[in-house]
Amino acid sequence: MDARMFRAWIHEAARLVAENADHLTRLDSAVGDADHGINMRRGLQAAVAMLDETDPSTPGAVLATVGRALISKTGGASGPLYGTGFRQAAGTLGEDPDVSAAQLGAALAAALTGIQRIGAALEGDKTMIDALSPAVTAYQAVIDTGGDLANATRAASDAAVRGLKQTAGMQARKGRASYLGARTIGHEDPGAASTVLIMSALATVSSAGERRSEWPGAGAAT
Amino acid sequence: MDARMFRAWIHEAARLVAENADHLTRLDSAVGDADHGINMRRGLQAAVAMLDETDPSTPGAVLATVGRALISKTGGASGPLYGTGFRQAAGTLGEDPDVSAAQLGAALAAALTGIQRIGAALEGDKTMIDALSPAVTAYQAVIDTGGDLANATRAASDAAVRGLKQTAGMQARKGRASYLGARTIGHEDPGAASTVLIMSALATVSSAGERRSEWPGAGAAT
Amino acid sequence: MKKLINSPDEVLADALVGVAAAHPSLTVNTSERYIVRAGGPTAGKVGLVSGGGSGHEPLHGGFVGYGMLDAACPGEVFTSPVPDQILAATRAVDGGAGVLHIVKNYTGDVLNFQMAAELAADDGLRVEGVVVNDDVAVENSTWTAGRRGTGATVFVEKIVGAAAELGADLGMTAALGQEVNDRSRSFGVALTPCTVPASGKPGFELGEDEIELGVGIHGEPGRARGRLVSAREIVGVALDAIHTDMPLSGEVLVMVNGLGGTPLIELYVVYAAVAEWLAGHGVWITRNLVGNYVTSLEMAGCTITVCRLTPQLTYLWDAPVVTPALRWGR
Amino acid sequence: MKKLINSPDEVLADALVGVAAAHPSLTVNTSERYIVRAGGPTAGKVGLVSGGGSGHEPLHGGFVGYGMLDAACPGEVFTSPVPDQILAATRAVDGGAGVLHIVKNYTGDVLNFQMAAELAADDGLRVEGVVVNDDVAVENSTWTAGRRGTGATVFVEKIVGAAAELGADLGMTAALGQEVNDRSRSFGVALTPCTVPASGKPGFELGEDEIELGVGIHGEPGRARGRLVSAREIVGVALDAIHTDMPLSGEVLVMVNGLGGTPLIELYVVYAAVAEWLAGHGVWITRNLVGNYVTSLEMAGCTITVCRLTPQLTYLWDAPVVTPALRWGR
């Protein structure tokens, strides 16, 4: 995967989030303050704009730019959390112009660790961690058993969806949803839902990348 | 008519107004500030209480007490207007312990004049005047043609009702309804509606007085 | 009806207990129902009394204090006070220099204050009155009870209050009040109705995209119903109406006043539009107020009031004032 | 959604233009999005920066001025500000004595301020933080993100502001802010939801006789739904919760704070009930605020905040303050 493909990922994530912004906000209005869709749309739009403007040439630089944009523009809890996640991921990729599926797995794991370091949420706390953590695990499992990028990202995306669904049964213990205590049970977590969109965007672009190897640069993805 | 009968009038008026307070307030909410029923109920309850407390012995003293109570307790435009009306009426009755139907006619006319002196409303301005003025005229017409108290008060009450109905077609030019201009057309005037109740109370007690001459003191009414 | 009250009939009584408890600088006479500065009348100073229906807080009780009112007479919600309480307040603040009544132009307020003034005169008190009638939405006084008094009341109370503190006599304060009123105009807009506690129902109904244009401060409908448009357009309607009635120029004092249910962030959005409009018309805002000063219970909406300043009016506006709702210079 | 705005996306930008126009004592940096005192940092004084989502006005911009904050960083409505703007404000108010961040305890606010503090430290600035978490409705911090910061923020900003003006150093201001927070508790009640402009829909729905108990200030539902009861009963619930958590005694500072859509007359009814309850428990209110200070857009309801005073805190509370929303002593 090269910088181009990482940019495609963020473009697709921004598109999906914009398309589902009302849904994310609706989820946040049940357990939070009704702004998650607005925040994520604003943040990812800024990320896209900053990518278009600075045109970073390595995957690491792409993710670092996205992290900086999310931190600078999102606000709320999700901004620093996702922003830190992307920056940590960028850190593992260094300046490589092209990264392997294994490298991407390490980057995703680093994102998870980064988000947990600053947010201190564990699985079961009803946060984005509940979608991201199983996604990272599923991704790694596919790679460990010799699967390719497309399969790994698809597995990650599916795991994120399952994680999201499980958040409905949880009582929030982190973020502003935690103030509602037991009243959060029965509602999906908005941050887990945005994680699903981001992971699904990754699956989309990596399988498209595989299939359409005529794309300039996309052929390098594995 | 003696003091007892005048007190009965005010008791009946207070009862009717309390019973119809919501209706008066609803009328006032269409063209004013949604308090006419509340004001009139408060004012007439105070009048009844003050009558019970001070037990005035002449018709003039009864009406003067009512006027003072309305001025002291009603508030709004209707308090000073009705209060002044009752005080002016009291003035024409002097200290007579018993007043004739003709004297009552003069008292009603004085009330009308008093209200117009301080409120400066003419017929057609969509105020209580549009109920009171035809009532005074109708009362006098019955007396002038030899009719008795019961007929005169009934005629007055009926004329007030007709006057009230006509206010629906008028555009308000006095009081806070006037701020709404043409939007007042189609709505009855709340003050005209309370005048109807007061005149109807008068008709009720004077015909009851006629029929039930066994009432101590009520036999004197003509 | 959803209100933080104990019972619809006790709102005013309970609120007065709260005012008394909250403000040691004020004395509340709960039986006669008036609010005065603690410590009694200032000898030789003209006493300023205002009043009107409750539901407009902080008007008037929140403006009692040094440099502004001496007493406020709160009536029931949206109902004029009665002559007895106005008379009692007038007596309580008379420091020998006479008492000025500041009255918003509503039939009920005017009649009740008039009666009180007559009773006070019978007692040998010197009383004058200023009637505030700044609302340009009410157009033609031959066809109406005359223009309503709204936002300019705050300007009159503040500026006349400063003059009284500086020793202006009764005639001067009355003339000054008249001058402030004559130089001021207001226009109001409602986005929602409000509910008088004793009535329990909203005063009118409005669709999701409807507003009332040219409203007063008593929860009544306005002169016309309009579509909910942008703050900038609403400000345009309001300032056009004011400017047509009293051409604006030079230095002005502007109040963007919330009617009770509109958050401050929106009032700043409105103020930005007002500043833009006035700058575009060569008018210079040199003093302003943005906030809830003359409310209509929980109604959403605002009134915009403009006063054409003179150097003297600016000086008196800037003079110290120490009240619960307006405070500076001390 | 019925709001006096130009467009849901421009609310904050337009409001900041309004704030800039209305208050010559403030400078608004509209591109970096912060509000500072006009005239730059005071050399040798600790700079105080607060911030948070917009929609709580006058918090925080209305508390920038002498004796209180040096800068406020408004985020989008109900959304924490971002590190960049906090960093810019921190730089702008540094007078060489370091900068104190006053942060309400919400994950977003805490994370964004933390990042800004790290960036500021990288720049060689000395930054400390106080996290305000006074809301007793959030009971158990092992199961939650910890208690929310609500009304006590005003107390912290005022009292620390006074100390900074008197020359307290960075460590002292941080410790004092912590002390004020530790001695303060709040409880909030909502009668209606509110609508974030960009979302366009109310945050929750409530029946005609329902209220939300234990709400924060972001339009979210509360800990529990209850029946609409009398102001006195609601105050009982709130003060019982506060008293259970922090037994009240001696002299206290009380704020009865409107959430934006509740008229002042109701806040006085609530204040009367608060005064009654506290007097009945032998607690003496020696200072108070009644009004809209920490709002939640147009939400109807109130928060009650109590701070157990010490002579030093009372002294600092009384010290002069000159801001758009709080002003006395000058």
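We just call them A, B, C and D in the order they show up, numbering each chain from 1.
Note that contacts are C-beta pairs under 8 Å (C-beta built on N, C-alpha and C of every residue); 3 or more make two chains touch, one makes a residue touch a chain.
All values derive from a computational prediction rather than experimental measurement.
Enquirer: Average the CA atoms of each chain to get its centre, and name the chain whose centre is farthest from that of chain D.
Expert: It is B.
Enquirer: So the centre of each chain is just the mean of its C-alpha atoms; given that, what is the distance between chain B and chain C in Å?
Expert: Each chain reduced to its C-alpha mean, chain B and chain C end up 33 Å apart.
Enquirer: What is the distance in Å between the mean C-alpha positions of chain A and chain B?
Expert: Here the centre of chain B sits 76 Å away from the centre of chain A.
Enquirer: Just how far, in Å, is the C-alpha centre of chain D from the one of chain C?
Expert: Computed from C-alpha means, the inter-chain centre distance equals 29 Å.
Enquirer: Quick one: which residues in chain D touch 2 or more of the other chains?
Expert: If we look for residues of chain D contacting two or more partner chains, we find 77.
Enquirer: Residues of chain B that touch two or more other chains: which are they?
Expert: Residues of chain B never touch two or more of the other chains.
Enquirer: When you draw the chains as points and link the ones that touch, which shape shows up: line, ring, star, complete, or other?
Expert: line
Enquirer: Using the touch rule from the top of the page, what pairs of chains touch, sorted by label?
Expert: A-D, B-C, C-D
Enquirer: List the residues on chain C that touch chain B in their complex, please.
Expert: Residue list for chain C touching chain B: 53, 75-84, 106-108, 111-112, 114-115, 137-138, 143-145, 148, 196, 198-199, 201, 203-204, 216, 218-224.
Enquirer: Sort out for me which residues of chain C touch chain D in the complex.
Expert: That would be residues 2-7, 11-12, 14-19, 21-22, 54-55, 57-58, 62, 77, 189, 191-192, 208-209, 211, 228, 230-232, 234, 260-273, 275, 285, 288, 290, 292, 295, 297-298, 300-302, 327-330 of chain C.
Enquirer: If we count contacts the way the header does, which residues on chain A are in touch with chain D in the complex?
Expert: 25-26, 29-35, 38-39, 42, 71-81, 118-119, 171, 173-176, 178-181, 183
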